[in-house]
Each structure stands twice: as structure tokens, then as C-alpha cells.
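The next part holds the structures, each set out as C-alpha cells.
Common to both upcoming complexes is chain A, partnered first by chain B, then by chain C.
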Partner chain A sequence: MRDFIIRRLLLLIPIIIGVSFVTFILFRFIPGDAAVFVCQLQCTPETLRDIREDLNLNDPFYEQYGRWLFGLPTGDMGTSFHTDLEVTTELERKYPVTLELLVLSLLISLLLGIPGGILSAIRPGSIVDFVVRLISVFWLSIPSFYLAILIITFGAAWFGWSPANFATGDVVTFKDVLRGQSLMTNLETFFWPSVVLSVGIAAVIMRLTRSSMLEVMRNDYIRTAYSKGLRERAVVWRHALKNAMIPVITIVGLQIGGLIGGSILVESVFALNGVGFYLLSSIVLRDLEVVQSMVLIFALTYVLINLIVDVSYAWLDPRIRYG
Partner chain B sequence: MAREAAVQIETTAYEAPRKPLWLRLARIARHHPLGAMGFLILLVVLVCAIGSDIVSPYDPYKVSANIRESPSLEHPFGTDRLGRDVLARTIWGARVSMFIGVVAVVLGSIWGTFFGIVSGYFGKLIDSIIQRVIDMLLAIPALVLLLAIISVTKDPESKVYEVLVWLPIPEGTYLGMPNFLQLVVLCLGFSIAVSVGMARVVRGAVLSLKENVYIEAARAMGASDKRIMMRHILPNVLALVVVLSTIFLPLAILAEAAISFLGLGVPQPTASWGADLTGNNQNDAINREIWWVVFFPGLALSLTVLAFNMIGDSLRDISDPRLRGGGGPGGGGGRGAAGF
Partner chain C sequence: MIVGCGGGSENGNDQPAPSRPVPSPPVPGGRITQGRPLTVLGIDPHIDLTGLDIDTLLYPYLYGWAPGREARIMNNAAADIEEPDDQSLEYIITLKPGVTNSPWENNRVGGAGEEITSEDLKASFIRRGTSISAPDKRFPRKIGKDGNAMDAAIKTPEKYVMSFTMTEPFVPAIREMANPTWAIVSKKVIEDTLGKGLSQVAHGAGPFMLEEFRGNERVVMNKNPNYFIPDRPYLDGITIVVITENSSLLTAFKQGQHDVAGAILTKEDYDEFITDDQYRVFTAPSLFYPCVHMKVIREPFDQIKVREAINISINRDQIIEIIQNGRGEYNGPIQWAQTKWSLPQEELREFYKYDPERARTLLSDAGYPNGFSSTMKLPKITGVSFIADIATLLKAQWAEVGINIELEEVELGTFIGSVLLAGNFDMTFFPNLPYDEPDRPLSFYHSLGVTGAGNWTNYTNPALDDLINKQSQQFDETERQKTILEAQRLILNEHGPQLTITGDYAYSARWHYVHFPFNLGEDPSETVNPNGCDTWREQTA
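Showing the complex of A and B:
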């Protein structure tokens, strides 16, 4: 197991190089560079040239890329063309926001999805099954950004509620909670964005749990468990669930990509100052080094969560070993 | 008596009149009520998209003095900050969304099928190059990739516009859609994203197709590569491409809405479900409780996606009875939510 994890961690290096190179090439194609956005007013061709020189935008592209890439091992992800701030310092503030959003919505989606799927699978064709499947198809269809706007709009109109960070403009992350800020404020800020983000994934998990459970419940050992007099709860929880979870967990891992994309949308509605929001504004402003670093951060998050997923297989099914 | 019965059986077996079409449709609808409902919703959306001029009670771009009016008999969906009728904008939004979705998927299917067939048929180096490019594109989160592609194609200084000038694409308002040229450019951008997934699946199908004996026979008869690809492989992957297109269509519509929502898609003032959820409308909704300006366009978007999902579920129910359980919704695994 240890060797497996080490091997997978080593695989991160080619992934870092590959993903960052593609991002770099992709955004090189975009005409109009950061310089145009840096000097908004009184932009003469001369100042434009100076700014380009300043930002090293005139260097050949492999030099620009190389400088950024070789800065990585020393913890230097470059600087923002616009704010002149180091990307890593920005990241220290923004990454906890996105990470908490991702983790919380993953948890919520599991909490919503798995029980629903189980209920639906043990009584196929029942009212519960029908309701669960109806809910899942609705959840699958509602775009996260629409749901987010509805929650904010009607939350304010009916309950006088608005996200905690709207008034203060300050996002209290989990990191701040560890430093003594109130956990309630933190949850008030993150609960609804996480719910919004989790709904689509929860529907996928629900459906997959259902079909996977249906499959498992047809097995002989389930009938054996029933016939030796076990209660249904024991059969479902102890015998069926773990086996049914393997495909579900795989899909959960793959859905992280969708969550990451969704975090851009949700962060922008809820004004959460996270990585997704940062990435979006950097794309608009052609802030190349930031874009590259943020895409890289997302790719790493994706790979690491999937590594955790792979490791969890061995726990779910002891027959799976990594040698 | 016995004789009569025998005769009767004979005649009924003989004639077995085929039930009229509507009865058969009603039967399917009874067994798959949600699929039928999805079909109806989609029909309404299509009617709105195609016949916006007839269905829409007002001009969606006509500014009036009745600003921010709440829903009433006169304006069932209310009016927005410029006094434009929200119902009209929602109906015309259907045309823009459907137009972008359909054109993007059709174009994407063409590129995707082309690259998929070329990649699968020739194999070796060509295959490796195309597939590695696809790998890299798939490694980036879908929304980020879309944003990148859109910023490339959308920029007025980019080469895309120089090429488009040569094509007879009207620049201003066309088919009732302002900024028509920009919409076409958006379609191009989305079509690239569609083609990436399409090419991957088509290639897989081609890999097994090309091992068929009839391909070998065609080659033995002296058919050129081009002929084999066009006449023998393409017709065989076409069914797959059509199925994939129907999966990509709601995703393309959602993607258009998401990108427009982020302010990078359909430009103002073009009516688009996604674009109407953002900017000033969003401000109005959140800060001034003018909920109707965002509620209805978003509802239309959600219902359209819902319709596609319900139809898809019913089709899966029909094709895979093991997952069935009553005539309800939702079957097997989930499609990727794609994070929108």
C-alpha cells in the first residue's frame, strides 16, 4: 500500500508538467495580453511596450514557461501581473475557501445521495423509490448557478436571510475557526454554497447507489444472509452496502472534476473569494501565471482526491490489494 | 358454439389490426409518464424556439417605461429594469439557447466524427497524436476548458473573425437574434468542446469496426482509404453519433447558460437564459427582490434540461428492464453532472 501511494505521488510530476504545459499553450493562443488590461487609461504604444517588457511578455514562450515551471519546486508560482502579489500568498487565503467548499459539498452529497439510493433500492417500485428517483432527476436538472440565485433571492425575500459574508465581505474559513473565529459564522457562510454545489452530484450518487444496490441485492450471499434470519438492517448495512459502494466511490472521484468546475460558478454567485473566482477573473484579465497556477491547483486537488478514493477501495473490499 | 369460437380466433389472429398511432403513443405514455412529460416540455420549448415571432406577445428588445413590474395579466412574467417583457425574453431565449446548442452539437459532431474516424482508422502515429491531445484537453476541468476556448474564439482580434468574414454570416440581427456573428463564434467554441468527447467515443467504435471482414473485402477490391472511411465506416458510426449528440445537446445548452452566466457568453442585449440570470438582473433579484427577472429564464432552462433527462431515463428504462421498478423516473447510473 505504501509503495502504491508513493508511486501515485510520483506520477504527480508528469501530470504537473502536462497540465501546466497545455494550459500555457491554450492561453498563449488568446490574443490580447495582460499588458492591454494593465494599462487601461492613457495607453500609448510606448507604455504598452514598456509594460510588456516589464512583465517579460516579450520573452519567447518557452522561457516564460520554463521560468514558471522551475520556480515551482521552490514554492514560487509566479506573481500576478495585475496586483503584483505572489500567487502563493494569494493562494494561502483562497485555497482554504475552495477546499472547504469542495469537502463540505462532497460530504453533503454523500449524506443526501447514499441513504436515498439505499431506500430506493431495497423497495424497488415502491412510493419511496418513485419519490427518490423523481428527486434525483430534478436535482440533476437544476443548474447550480440558478439554484444559488434562487436561494439568495428567496432567502432574503422570505426569511430575511443573506449569506454571512455578504454583509461583512469577509469569508471566515475553517482555518480562521482554528484560530478562534466562530464556527457558526463559518458554517453560515459555507452551508448553502456547499448544498448548491452538492445537489447535482448527490443525484448522481443516489442513482448509482440504487442501481449498484439492486445489483448486489440479487446475489446469493444476500439471500443466504436473509435466510439465516438476519434482520434487514444487518443485511443491508453489513453485507450489501460495502460491496455496492465501490462503483459509487469511483464515480464520486470522477465527479470531483465537475465539482471543481461548479465551484467557479458557485463562488462567483456567493462572492466567496476562492480559487475558482480567482481563476475566472484571471482568465478575463489574461493573468497567465495565475491561470496556470490555479488550473494546476485544481488538477492536483483532483488527482489527490482520486488517490484517496483508490486507497478507500482496499478498505471497502479487502480483496483489492495494491502491490 | 365451439365452431364459432374457433372461427373467431382464426379471424382475430388473421386480421390483428395495427392500432392507430395515437393509441400506441398513448400506451408508451402510460407506461412512461415522465418520459411523455419530458417529450411534451421539449415540444413546447421547440415551438417557442422555432415560432418565437408568433408565440411571443411582445418584442423582447423593446424598452418601455413600465420598469420592474411584477407579474400581472398584462405581463405574466413581469418586466425587467428596462421595461422589457420577461415572458418575451424567455421565449426568445429558447431560440438562442436551442440555436447555440443545436449548431454547436452538429458542428462538434462533424469535427468529432472526422477526428474519431481518422484517429481510429489510421492508428499508429496519427492516433497517438490525436488521442494525446484529447487526453490533455480532458485533463483540464470542463468549465475551465470552455472558458479558455471561448476566450480564444470570442476575442475580436483573433483569427476566427478573419475567417468568418469570408463566410456569408450576417453580422447584425438575424433570425431575430442580435449579435448573430458572436453567437456563431460561440457555437464554434462549444463545438470544439463537444468534439473532444465525441472523437474519443467514435474512435473506440472505429477500432472494432475496422476489423470487420467487409472492410478487408473492400480493401481487397482496391477501395481507397477515403472510400472505406466514407462508405463503410461512416455509415456504421452514424447511429452512435446521433445518440451521442442527444446526450451532448442538453450539456451544450447548459454550458452556454453557464458561460453566459459568467458574462463571457452571449453578449447583451441578446435574450439568453444564462445571460438573463446574471449582471443587472442578478443584482435586481438579490438586492431589490425583483425575483421574476431571474426566476422565469432559469425555470425555462431547468425545465429544458429536465425534459432531456426524463426522456433519457425513459429510453434507458425501455432498453434495460433490470433497472426498472414501476413506471417511475430515474434508472441506472448517472450521467456526468458536468458541474453546471
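Showing the complex of A and C:
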């Protein structure tokens, strides 16, 4: 297992190089120019040339890319063309926001999806099964962006609620809670955005858990367990669930990409000012070093969460060995 | 929205006044929070256009401006403005002593706490006038065509006196100098903040000083302790919170998280707020004016008949009905809200009469009996949906006469760089900025454009150039008005290169406890102080 983890961590190096290089190359092909945003509406070819020179955009692409890449080991991810702020400084502020949003969303989707799927599977065809399936279809079909707007609009109209960060633009993250800020404010800020982000994935988890559980529940060893006189709860939790979870966990790993993509929209509606919103605005501003660094951070997050998923296979099924 | 500025009568022009009494006198202290839908790209007053409302809080200006009266208000750094000759070629500007920069801790930038002098004013004029990316150069080019010429033309005979003589008369000069882009910045600050300059920082002598600037999150400003007007500003600070989703922004205001609404309000919102005396709501004609721009050197837009067909197949009444909730007027080349300079509504409504039959005939006469296809590019701006809404309606209207337009929404950065500046479009659609003086909207039709480098549409018309030049030198208002109307009629008959659509109304709202010296659509009084100074809030126990 240790060798497996080390190998996977070493794989991060080609991933970093691959992802950043592809982002760098693709960014050169899309229309638009960072220099235009620096000089804005009335800029002339001469200004553009000067600004490009100032931002080193006229350097050969391998020099630009190399400069950024070799800065990484020292923690230097470059500087925003637009704000002159160091990317790492911004990342320190914004990554905790996105990370908390992703982790909470994942937790909520698991908490909603797995019990829902189990309930549905152990009583197939019942009213509970019908309701769970109906809910999952509803959750799958509602766009997260729309749900976010509904929550904000009706949350305010019916319950007088709106995200605490709307007042100041300042987001209280879990990191701030550890430094003494209010946990309630933190949860108030993150709970609904996380719910919005999680329902789509919860629905997928719910449906997959149901089908996987149904499959497992038909196995002989489950029948044997019942015939030994074990109670349903023991059969489900001790014998069926672990085996049913392997495909579910695989899907959870793959859904992280969807969560990351969804976080960009949700951060925008809930004004969360995390990495997602930062990436979006930097793409619009053609802020290359920021975009490259943020894409890299998302890629690393995706890979690391999937590493945890892979490691969890061994816990779920001891027969699985990583050689 | 600009704190402390606005227009329209309280709670609208046609609505009853609120029952809640307005307390007096103003109470100093407290902060206000204001929402904002658009990211602030930068706050360099001489360059950035997206942060001009913030610049007016951070920097001093020569004087204020009352657009309705078209008169200056001597409420800022200038003690006196002399125009010795009857053509207003020469200006002698005397600054007030004691206009002092705010304190700042950045040792690399000089000038903290120092007094603004004529040298600072001169440096600001040259920077604003010659900065390659400055938004308009018609006025500074009359002082000097480049930095050296401006440097030679602007004199500073005394510590507080600056003078210059223009090469030819320019009537809008007096309005230009009160424009938010003509901020006075200390010479030391200009010299010490080279490169990206003042885009993300501010070192000024305005009523407020910058505490934090994060253009896509928030802008925090605190009262300037060195401000030259005693006991002003009333407020201890202003926080601007950027939320790019309009419904979120509206919710933040309704929930009391923002004291001043930043959302783009509609008539529906206005109608909702007007019934609640917790709010103060205002409405006034909007000076923003959406335009279709055509590249007139390309087929088929090089034919007047085609442009006319495009023009008269626009059902402007339908746009007012659907997009503007039934409230709006027709715009000519100059927006209808610039009342005395715009063409009469009856004339515009008759000229722009929706006539799809005639449009088909014109297309047929122009050699396009089956219509034609083209692409119209429009900018995609987060938080602003009305551009795409109007464009979609236009597309549907044109399709009825056989003009098949494909809409291509382009990210703002790409739009500016690869569409507008590169001249890479057949048709494009976006709203022009809210100019309150007739010279600027007209100069878009001038062969030299607003920067002296040409216009986007490649339109040239020497007769029109002459009229535009002529009006900019006519001090007799009646004569100038005649010339401006004549120029507009000439433009109308050309059916391009800009086709103006309809003019909407602007709406603003704030909580009852926030008080501005004047409101949206109203003219500021003679005694009003610079932007933000007279804004105050009732204190809660």
C-alpha cells in the first residue's frame, strides 16, 4: 500500500507538467489578450506592444512556461497580470473557501445519497423506494445554478435568510473558525451552497447505491446470512453495504470533477470568492499565470481525492491488493 | 451608482412621497455598504473606466458639474476659473490652498500628506491627456497634440495657478474638466507609480482613502483625515461589495445587508419598493443607449438601402414593451434624455416607423430580394443580461423581413481586443456609455472618432465632420443647438453607422436611513460638496 501511494504521488509530477502545459498551449489559441484588459477600451497597437513587453508576453512560449514551471518548487506560482498580486497569496485566501465547499458538498452528497439508496434497495417497489427514486430524478434534473438562485430568492422572501458574506464580501472559512471566528457564521455561509452543489451528485450516488445494493442483496451469502437468523440491519450494514460500495466509491471519485466545475457557478451566485470564481474571472481577463495555477490546483485536488478513493477500495474489500 | 449623485425626485417622478419624515441635521459617523454588479477592473482615474464612481471618492477634481443646468459647481479643489477671452481659448485655474493628500504608509510613493499645487494639476492634465489608453482626447488635443506640446502649453506661474491656451475653441472643455477621468493626482504619485500606475492602488486627496481594493470582491474606503473641507465627509467609510449575480445582489439589499442597492433594477423592482416606506427609490431617464454598429465599408452595409431596411425593420415599440416594461422613448444619434440636444420624439418616431413591407422592398431594390445573412457580435458581461435580451429580439424582428442574423456572444476581453479594436465585425451591438454632453455621442460619427485615430465603423462623411467640428466651437447655445440637430438629421438619413435603439429608464434604491444630497435625475444644488461628502446615515442606538 505504501509503495502504491508513493507511486501515485510521484505520478503527480507528470500530471503537473501535462496539465499545465496543455493549459498553457490552449490559452495561447483562444482569442483575447491579457494586454487588452490591462490597457482597456481605447488602447492602441503601440500600447498593446508595450504592455505585452512589460508582462513578458512577447517572450518565446517555452521561456514563459519554463519561468512559471520552475517557480513552482519554490512556491512561486507567478503574479496576476492584472492585479500584480502573487498567485500564492491569493490562493491562501481563496483555496480554503473552495476546499470547504467541496468537502462539505461531498459529505452532504454521501449523507443524502447512501442512506437514500439503501432505503430504496431494501424495500424495492415500496412507497419509500418510489419517493427516493422520485427525489433522485428531481435532484438530477434541476440545474445547480437555478437551484442556487431559488434558494437565495426564496430563502430571503420566506425565511429572511441570506448568506452572511453578502454584507461584507468577507467569507468566514473553517480556517478562520480555527482562529476563533464563529462556527455558526461559517456554517451559515457554506451550508446552502454545499447543498446546492451536492444534490446532483447525491442523486447519482442514491441511484447507484440502490442498484448496487439490489445486486448484492440477491447473492447467496446474503441469503445465508438471513437464514442464520441475522437481523436485517446486521445483514445490510455488515455484509451487503461494504460490497455494494465499491462501484459507488468509484463514481464518487469521478464526480469530483463535476463538483469542481459546479463550484465555479455556485461561488459566483453565493459570492463566495473562492478559487472557482477566481478562475472564472481570470479566464475572462486572460490572466494566464492565474489560470494556469488554478487549473493545476483543481487537477491536484481531483487527483488527490481520487487517490483517497483508490486507497479506500482496500478498506472496503480486503481482497484488493496494490502491488 | 455613484454615492451622493443621482437624479429624479425622491420616490420617483410620478409617485407619492414617502410618509417617513426625513430627520435633520445630518449626523456624522457610520459607514454604508453598497452593492455592485460589475467587477472593478481598475481605479486609475485617467485610464480605467469601470471604477470611475470610486475614483470620484478618492481624488479631488477642479469642480463639480450640474448636467441639467450645464453649469459648474465650484465645490472642489479650484478656487477660481478665469476665461479671459470670449472664445474661452485660455483658462487660468487657481487652486484652493490646503487641498492635501491623505496619509499613506507606502514609502515608495511620495506625496503623502502633501498639499496639491499647480505642478500636480499640470502633471495630472498631461497624464490624462496623453495616456495612450485615455478614454477621450478631443479636449486635450486642443491643448497639445502630445506630451511635449502639452508640457509647453501648460504654464504654472504660481504655486496655486495653472493656465493653458487651446489651439482652437472647444465648447465642451468646461464640461470635460469636471469629468470623473480628470482627477487631480499628485505629481510625486504619478512619478512613483509608473508601470501599472494607479490601477489597483489609490493615493489621493479625495474625501475618502483606499483601505482595501479587490476589484472582484470588495472595495473598502475610509474617511480621509486630511480632507480639505472641514467636517466632511460625514461618513467614516464606504464599503462596496461586488456580487456579479443580480438576484443575489438584490437579495442582499432587501435583507438590509447593503444600504444602497447595487443590482440593476427594473420597473418591477421599482414598483415593489415604491410601496414600502423603508426604501427610497428613484427613477430617471437612462443615458446609456444601446446601438447596432455596422461596418459600412463592407457589403451589404455599404448600401444605404440595406441599412435603412435594417433600421425600419426594428420594431422599437416592441422593444420598449418587452424589454423595458413599457417605459421608454426613441433615441436619435444623441440620447433622448439629453433633452435640449436631442431630436423631437415625434420626428424620431415618424422617422424610425416600423415598416417591414418597405424594408423588404428596399432589400429587393438593393439586390437582396431574399434578404441576406450576417453575424452580429455582442459582448458577454457577467451580471448584465439586457444586451443579449435586446439582441435576441432584434434578431427575431429582422428575420421577419429575411435578414438572418446569427448572434455571436463574445467574452468582454475578446470583444474589446479581437472585435472592436481590431474592427473584426460586420455588425456589433452594445450600449454606449451615458454621456451627458452632446459632443461625445456625435464624435463617434466623426472620421477621427473620439481619440483622433478614427472610428470603429470606418464611416467618413466630410459634411458631418464639419458640422461636428462646428458645434464644438459654438458658444451661442441656440446656434449650437441648430448645428447639432442638423448633424443628427444628416446622420438619420445615412441610417448608420450606428443605429440607436430605444432609451430606457434607470432606477436606484436605498434604505430610508441613508441620505444623499440629491437623487437620481436631480441636478445638484450650488452648495453641494464633492461626491460622497454630504452622504450620511441615521445612527441606530
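Note that the second predicted complex is superposed on the first by the 320 of 323 C-alpha atoms of A that agree within 3 Å, B and C clash if a C-alpha of one lies under 4 Å from a C-alpha of the other, contacts with A are read in each partner's own complex, and residues count from 1 in each chain.
Definition applied: contacts are C-beta pairs under 8 Å (C-beta built on N, C-alpha and C of every residue); 3 or more make two chains touch, one makes a residue touch a chain.
Here the structure is a predicted model, which means the values were calculated and not measured.
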item: When chain B and chain C are modelled together on chain A, clash or fit; value: clash
item: First (chain B), second (chain C), both or neither touched by A:Gly229; value: neither
item: Touched partner set for A:Pro318, first chain B, second chain C, both or neither; value: neither
item: First, second, both or neither for A:Pro73, with chain B first and chain C second; value: neither
item: Touching partner for A:Pro14 - first (chain B), second (chain C), both, neither; value: neither
item: Which of chain B and chain C A:Thr168 touches, first, second, both or neither; value: second
item: Touched partner set for A:Ser268, first chain B, second chain C, both or neither; value: both
item: Of chain B and chain C, the chain that contacts the larger number of chain A residues; value: B
item: Which of chain B and chain C A:Ile152 touches, first, second, both or neither; value: both
item: Which of chain B and chain C A:Val284 touches, first, second, both or neither; value: both
item: Superposition clash, chain B against chain C - the stretch among 207-215, 279-287 or 315-323 that is involved; value: 279-287
item: Shared chain A contacts, counted only where both chain B and chain C touch the same residue; value: 30-32, 149, 152-153, 156, 162, 268-269, 284
item: Of chain A, residues touching chain B in the complex; value: 15, 18-19, 22-23, 26-27, 29-32, 124-126, 129-130, 132-134, 136-138, 140-146, 149-150, 152-154, 156-157, 162, 200-201, 203-208, 210-211, 214, 247, 251, 254-255, 257-262, 264-265, 268-269, 279-280, 283-284, 295, 298-299, 302
item: Touching residues (chain side chain A, partner chain C) in the complex; value: 30-44, 46-47, 54, 82-85, 149, 152-153, 155-156, 160, 162, 166-170, 268-271, 273, 277-278, 281, 284-286
item: Of all residues in chain B, those that touch chain A in their complex; value: 34, 136-137, 139-145, 147-149, 151-152, 155, 157-158, 254, 257-258, 261-262, 264, 277, 282, 285-286, 289, 291, 294-295, 298, 301-303, 305-306, 309-310, 313, 322-323, 325-326, 328-340
item: Partner chain A, residues of chain C touching it in the complex; value: 33, 39, 41-42, 47-50, 132-136, 195-196, 199-200, 214-218, 239, 241-245, 247-248, 251-252, 254-255, 257-258, 382, 411-414, 416-418, 420-421, 450-451, 453
